[in-house]
Amino acid sequence: MGAEQAWLLAAIPAGFFLLLSFFGRPMPRGGDYFGVISIGTSFVLFFFVLADFLDTPGKVGPIVNSIEWSNIGDFHLRMGIYIDPITITMFGVVTTVALMVNIFSIGYMKGEPRYYWFFAVLQMFAASMLMLVMADNLLLVYISWELVGVCSFLLIGFYWEKRSATEAAKKAFITTRVGDVGLLIGIILLFKATGTFNIQEIIHAAEAGEIGQAYLFIAVMAIFLGCMGKSAQVPFHVWLPDAMEGPTPVSALIHAATMVVAGVYLTARLLPVFAVADGALLVVTIVGLTTALLTGFMALAQTDIKKVLAYSTVGQLGFMFVALGAGNPSVAMFHLATHAFFKALLFLGSGSVIHATHHNQEMDKLGGLWKKMPITGTTFFVGSLALAGVIPFAGFWSKDEIFVALNEAWGGWAVLLLGLAAVMTAFYTTRLFIRTFMGKPKDEHVYEHTHESGFVMTGPLIFLGILAAVSGFVVFHGVGKAIGFPGGITEFIFLEHHGPHRYEMDWGFAAGSIGMATVGIWAAAWMYWGNSTRRSTVLAEWSPGLYDMLQKKFYFDELYQAAIDRGVLGFSYVVAWFDRYVVNDTGVDGSAQATGFAGGVLKYLQTGRVPNYAMAIALGVAGLAVAGLVVRG
Amino acid sequence: MRDYTIFIPEYIAAGSAVAIIGLELFMPKFRKDGLAYLTALAAVAWFVAGLFFIGKDPKSFQGLIASDDFTTYFRLLAAGIVFVVALMSAHYMRDRTKTASEYYGLMLVGGCGMVYMAAATELITAYISLELLSFTLYILVGYLKRDNLSSEASLKYILLGAFSSAMFLYGMSLIYGVTGSTTYAGIAEALSGRESGTDPAVIVGFMLILAGVGFKVSAAPFHMWAPDAYEGAPMPVTAFLSTLSKAAGFALILRLFSAAIVVDAAEWRWAVMVLAALTMTMGNLIAIQQKNLKRLIAYSSIGQVGYMLITIAAIGYGDPQGGINATSGLLIHIIGYVASTLLFFTALTAAYNKTGRDDIDGLKGLAETQPFLALVITCSLFSFAGLPFFAGFATKLFMFQGATTSETMWVVGLAVLNSFISLYYYLMIIRQMYLYEPVGETARWKVNPVLGGLAVALVLAVLFIGMYPGPAFTVSEEAAKPLFEPGVATGMARVP
Amino acid sequence: MVPLENYLVLSAIVFALGVYGVLARRNAVLVLMAIELMLNAVSLNFIAFAAYLDPGKITGAIFAVFIITVAAAEVGLALAIVIRLFRNRATSNVDEAAILKW
Amino acid sequence: MTFDEGQGYVVLATMAVPLVAAFLLVLVPGTQKMWVRYISAVTGAIVCGLSIYIFAAYQVDGSHTQMTLRWVWVENTAFLGKDGVTLYLAVDGISSTMALLTGVVAFAGAIASWKIEYRNKDFYILYWTLLAGVFGTFFSYDLFFFFFFYELAVMPLYLLIGVWGSTRKEYGAAKLTLMLVGGSVLIWIGVFATFHEANLGTFDLPKLWAAGQDGTLSPTFQKTFFPMMVIGCGVLAALWPFHTWSPDGHMSAPTAVSMVHAGVLMKLGAFGIIRLGIQLMPEGAAFWMPGLMVLGVIGAVYGATAALTQRDMKLISGYSSVSHMGYVLMGLATMNQIGVTGAVLQMFSHGVMTALVFLMIGAIYDQAHTRDMKDFGGVTRVMPLWVIFYTIAGLANVGLPGFSGFTAEFHIFVGTFKTYPVFGGMAIFAAALAAGYMLRLFAIVFFGPMSPRWSDLKDLTALERLSGGMLIASIVMMGVWWAPFTDRISSAVTLLPGVTS
């Protein structure tokens, strides 16, 4: 199979989605094996595509395949696929994580209602996500973008009997939708300027300077708005923690590894355009930095395992945007991939914990679980190290690269800020791990009933654990070469005019990175090791206000709620009132009533008395005659 | 030349009238509904006789009365109306009066009056035929002697009728004074021969004439007798009033205005337009507030008169071709309007014979107890409102189109707006029939077969005209043409 | 010879009086009388015009004859109706014959 | 008889079959309720089949108007010259699409009304009369018959809503009927004026269009009467601020009537704007289109905003119809190919998805006798299929890719951005609000804990599944593979005067 047929990667899960959603219910075990088969096929096909891609003459040249979709006059719309290293990377990430999550879910979701439906939507998601990353035009990107959003909506709201799940799903969809307004505007603005939706043509046009600076900036920022929404960047970050209401495998797949990185992907894809627009990259950097910092703070005070991970995800996405802001898509994609593996691992690990403890995800009730769940504990430990950025785990390499790129692009101040975020990452990761797996159990009852999960769940954990440990090494030229790439990741993914760039270890930055990780880990260990209640509440005691603010996540939710209630809904009430009472009752019914009223008044002219009638005749004649004499006389 | 043959159809009608009155005189026990059927038979004979005059060369009787397609049109119309109203009256009158022969006889005579109003080409003849029709109507309206409302209606009608015919006469006298002639041809010749400049006597004369004919067709502000007379009159007479009397009024107006005074159209066309606007607005606005069906239809028909008057104004504004356009529009609408009105009253009479109520609430739940009548009434109301499938749509559209000139455009717009207002009160009636449960007896009842058959025939007619207006329109055009061609109708070469 | 205008003015005055009578009188019979006045004014007009303007000098006179005839019939009919009303309601006041209104 | 003439009879049949059905039903005794249903179902199937044929057989590369049938009705009489009034039926790309819409919705509505027990004979008579009017309007190339059928489509609504409706039905029915007829008042006036001004003695639309384009209808005239035509038609298309019949009327109307009304009838208004506005008075259109654009945008934003806080499910759909028809008007007002094509796409899209929404609301209202969202919750437990259908309709409403709503809105947005970027942005914002009100409805009605009061609600019946399935098929077809639609529509749009590429 050639890479031109890569659309099969998306088509196969889509087909299985139809199969499962129509016929899944009566199938034995809800057809969960079809889920694995479906994604498994895509996973296998991915290697064919990869092989073919690497085999193509001229090596990393993009592969294009498109067909005409519709014609309106001279507006020709073509839909197709565009395969380049970024796409390949995303293929790898998506198919791998999706496969793991599918397998994991067989164990995790066992016995849930609507079991088949869960797998059906997973297939739908995989199909849309794969389509998103291979689309050659922004329209198809937008289509897939919305479809993954809907899958996310459906899966967050999977436990729809719970109000909170429903509300979270709604919030996720609407929040991203607000960003999508920008995305669609941006896409159409670019179309207006270039007359095409094709990404490559747009990039060429932008680089050729065919689009005015201000116009381009607005268009790019509009698109970036969509990316921010999808990737939960401040101030759109509020939906992602709430999205943890969904089943944990979903959090792993959609809200950590794949869908939320769509924003990063799209920005990376359009980075040449961003680069042309003055100031766009600075905005990207600032948004990324702000997000990384703020969510770092927010994660500090969370007690829900998944919420901590959610904030961490947002923060890591911020890291990726910082990388993009530095004009370096290869690093961003690198971090995207490593993050996908270790964060999926962490989520699945936490899923394993939650499953084992019968849906308990409060750190305050857990603790000491390593003994009970050795595999989960170990893999979680690996994942935590990767997230904290401990050498030589995957997260270290990618994060280190970001610092290097950032320094090159914007200088020291940015590095310092991001460093602070990195410290906090290490801190809350350690805190999470210690409070969940170490120390003494805080709730004996929960502890008693805990047991290690079956292989169907631990297997994916182990696989991802390995990836989390080693996937960082692809940064090295030799490693990349060994598995068939032209070289390390930065030699594989690059912007055309930047050219490939061979990785060199920068020991200064590496030392800094190690230091930051150490500081964070040490601080957390100091506070939480050994159930020391005195130390763990040190912040709360020192400044209750600050602690409260952290716990309330800087009041973003409250602010938004107020804005929606007072602003949008208030406006809606005003409009509805206006429509009822002004337009309808006064305007429409009013004119009807006025007509009726006129009739009611006029009818009293009809007094029933002959002299009055005669008077009317006489006056009529007189009036006509006088008017006639005046007009004509 | 005195060609008495041109009156043969009217001989039949009038002769039948005498015969019917005589029949009851000599056979007082004769079935009262039988009289109605005899009248209908006479009307058929009248109609058939009239058919022979279609397309014949126009003839004139001493320059007083013209027999041409225009006359024939109204001849057939009169026969048709008398036929339907006579059948409609059969049970109604049988149940309410001891003697009915005068009723039917007068109806035939009134029909003759209408024919002569259409045929008259001279003022005295026009006046006499107008009074011939009016007198029969005065009596018919008050025919239910012991009925308070009937006699009150009759009194009002005759007092105001006499008053307005005095106005009419005064106007005629002024025109006679200016032109020295009472024939339409003479008037037209004299008016066109005048030196330039406007004669106040002409203006005042025109306005008085307008008041006279306006009264006849119940144009505002000369309309006030109509609602009272309609409400007080026996139900079939209301039908007679709203169809035959209106059509007759327009017949007179058309011939008089297009043949005699069109040459001075600038003096009266604006006034007709104003009257049209006033009439339709008054009629429709007040109709909204009515509770009694007959009264409501009175106002509704006043509204219709408003629409029709626009065509008269359009004749004043147009060239001969424009006149033909407007007149054929008016004539086809008269067909549609007459058919719909007769349909409505046929159904209403049937309902009234059963329920004895003529207010809107009396129709409550009719769709349950008598779905056929409800359907028929709905058809007729939709036709009034000008909704498609029914005669009203096509005829009103053609009429307005014919009446559209640059000057009358605004009244046409107002008319369309008014016909929209009218839909509201038609819906009020439909609402009573379909949306509410019947009060009291809910069992289904049967419609008298004569009325039922009549209703079916009229529905078919209304549908036919509505869906395929071609034939009716051709007839109307043929009837309109004589008015605008030099010849008998005008008695002279047309003055540009 | 008396000028035409005199007849016309007289006729107009009589007509106006008639109109006034119709408007002001409440008794149906008196209203009828007023209408007769109006008709007489019209007849006067016709005859005057016929005498002064019409070369044939006859049409107006014929018209007047017809008016008189019709008026007679009209009054006869109207009186019958007034009597009818009087029988039903014991009044001939036109203001009281006002059940039909609005 | 050429092939095209033969196809003309297909067009005639599509319009006439509902009429024949209505006539047949008059003859069927009212007590034979099943016969009434069978006749209606068969009629629906035939009509649907014929309309699919019309859509499929339309030659994209062929001449502008196809399947022509001309019968002279009245000519050479008074003001009518040659071809004065002709029964001139034909289709172009736009009307073939609309015919498909009507056929599908008509069939869906006919079988959705299966459960009507109360005087179902009368119901179906009126229903088929209405549809004959709709088809006739879409096919008419003669101004007289255009208007004839236009009015015919409005006429039965009063009784359909008044007798078989719910919730303040008298008020809703009267308001809806009066407002719609009030709109047609303006069209009447426009018709008279046009006929008079063109002075051709014919109601033949192509000739009048030619007159409009070659200046026989003077620019002043066009500028004067264009607003009349557009507002007149616009009332039916829920043009702001003449839209208030939409929420109330839909709230009152029975299921099938809501389906047909929102699904098809509102499209007549927009179709009228194309036929009597853009094609008849291009100069007027060029002058007034910015105004229509403003009203369209207001409608789009306003409808969506007002829908955010409604509680009655039908009111939400009523207001969302206002919003979506606002998009249609915007698309028309862009006067460029993509925008106008998008407008017609949206007409189709809104038609099928709103019909589906109303079908679903009807399905639950018949059992629960309430439409207040706050009464519901967790309905998914008892009516999963219902929820899925509704969700699809809702997501199409929101403009989700893969469903027809996106295809249409996307084209409209692109078209709007070409000339009015700011308005385009506002429209996209309104589309985000759509997500707000739809998801609010989902969250409240479908999800959450279920009240035991609803534990015996039944899921969709087989007929409702069939009916909804057809609509969903149309929604998905347009959402995924829209070339058949855009090909047909744009082949006609290209030839509209004043439309830029």
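The letters A, B, C and D name the chains in turn, as written, and every chain counts its residues from 1.
We adopt the following convention: a residue touches a chain if its C-beta (ideal position, glycine included) is under 8 Å from a C-beta of that chain, and two chains touch if they have at least 3 such contacts.
The model shown is predicted, which means the values in this text are computed figures rather than measured ones.
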{"item": "Between the pairs A-B and B-C, the one where more C-beta pairs touch", "value": "B-C"}
{"item": "Between chain B and chain A, distance of the C-alpha-averaged centres to the nearest whole Å", "value": "77"}
{"item": "Averaged-CA centre spacing for the pair chain D and chain C, given as whole angstrom", "value": "63"}
{"item": "Geometric centre distance via CA averages, chain C-chain B, whole Å", "value": "26"}
{"item": "Separation of chain B from chain D, taking each centre as the mean of its C-alpha atoms, in whole Å", "value": "41"}
{"item": "Multi-chain contact sites of chain A, meaning residues that touch two or more partners", "value": "592, 603, 606, 608, 610, 614"}
{"item": "Sequence positions of chain C contacting 2 or more other chains", "value": "22, 31, 94, 97-102"}
{"item": "Contacts with 2+ other chains: residues of chain B", "value": "155-156, 159, 163, 167, 227-228, 289, 424"}
{"item": "Listing of all chain pairs that touch each other, if any do", "value": "A-B, A-C, A-D, B-C, B-D"}
{"item": "Contacting residues of chain A [partner chain B, same complex]", "value": "592, 595-596, 598-600, 602-603, 605-606, 608, 610, 612-614, 616-617, 619-621, 624-625, 627-629, 631-633"}
{"item": "In the complex, chain A residues that touch chain D", "value": "69-75, 139, 142-144, 146-147, 150, 153, 157, 160-163, 165-167, 169-170, 173-174, 177-178, 180-181, 184-185, 188-189, 191-192, 568-569, 571-573, 575-576, 579, 583-584, 587-589, 592"}
{"item": "Sites on chain C touched by chain B in the complex", "value": "8, 11, 15, 18, 22, 28, 31-32, 35, 38-39, 41-42, 45-46, 48-49, 53-55, 59-60, 62-63, 66-67, 70, 73-74, 77-78, 81-82, 84-85, 88-89, 94, 97-102"}
{"item": "Touch list for chain B against partner chain D, complex", "value": "324-325, 328-329, 371, 378, 382, 385, 387-389, 393-394, 397-398, 400-402, 404-406, 409, 412-413, 416-417, 419-420, 423-424, 427, 430-431, 434-435, 468-470, 473-474, 476-477, 480"}
{"item": "Interface residues, chain D side, partner chain B - complex", "value": "30, 73-74, 77-80, 85, 122, 129, 133, 144, 147-149, 151-152, 155, 158-159, 162-163, 169-170, 174, 177-178, 181-182, 185, 188-189, 191-193, 195-196"}
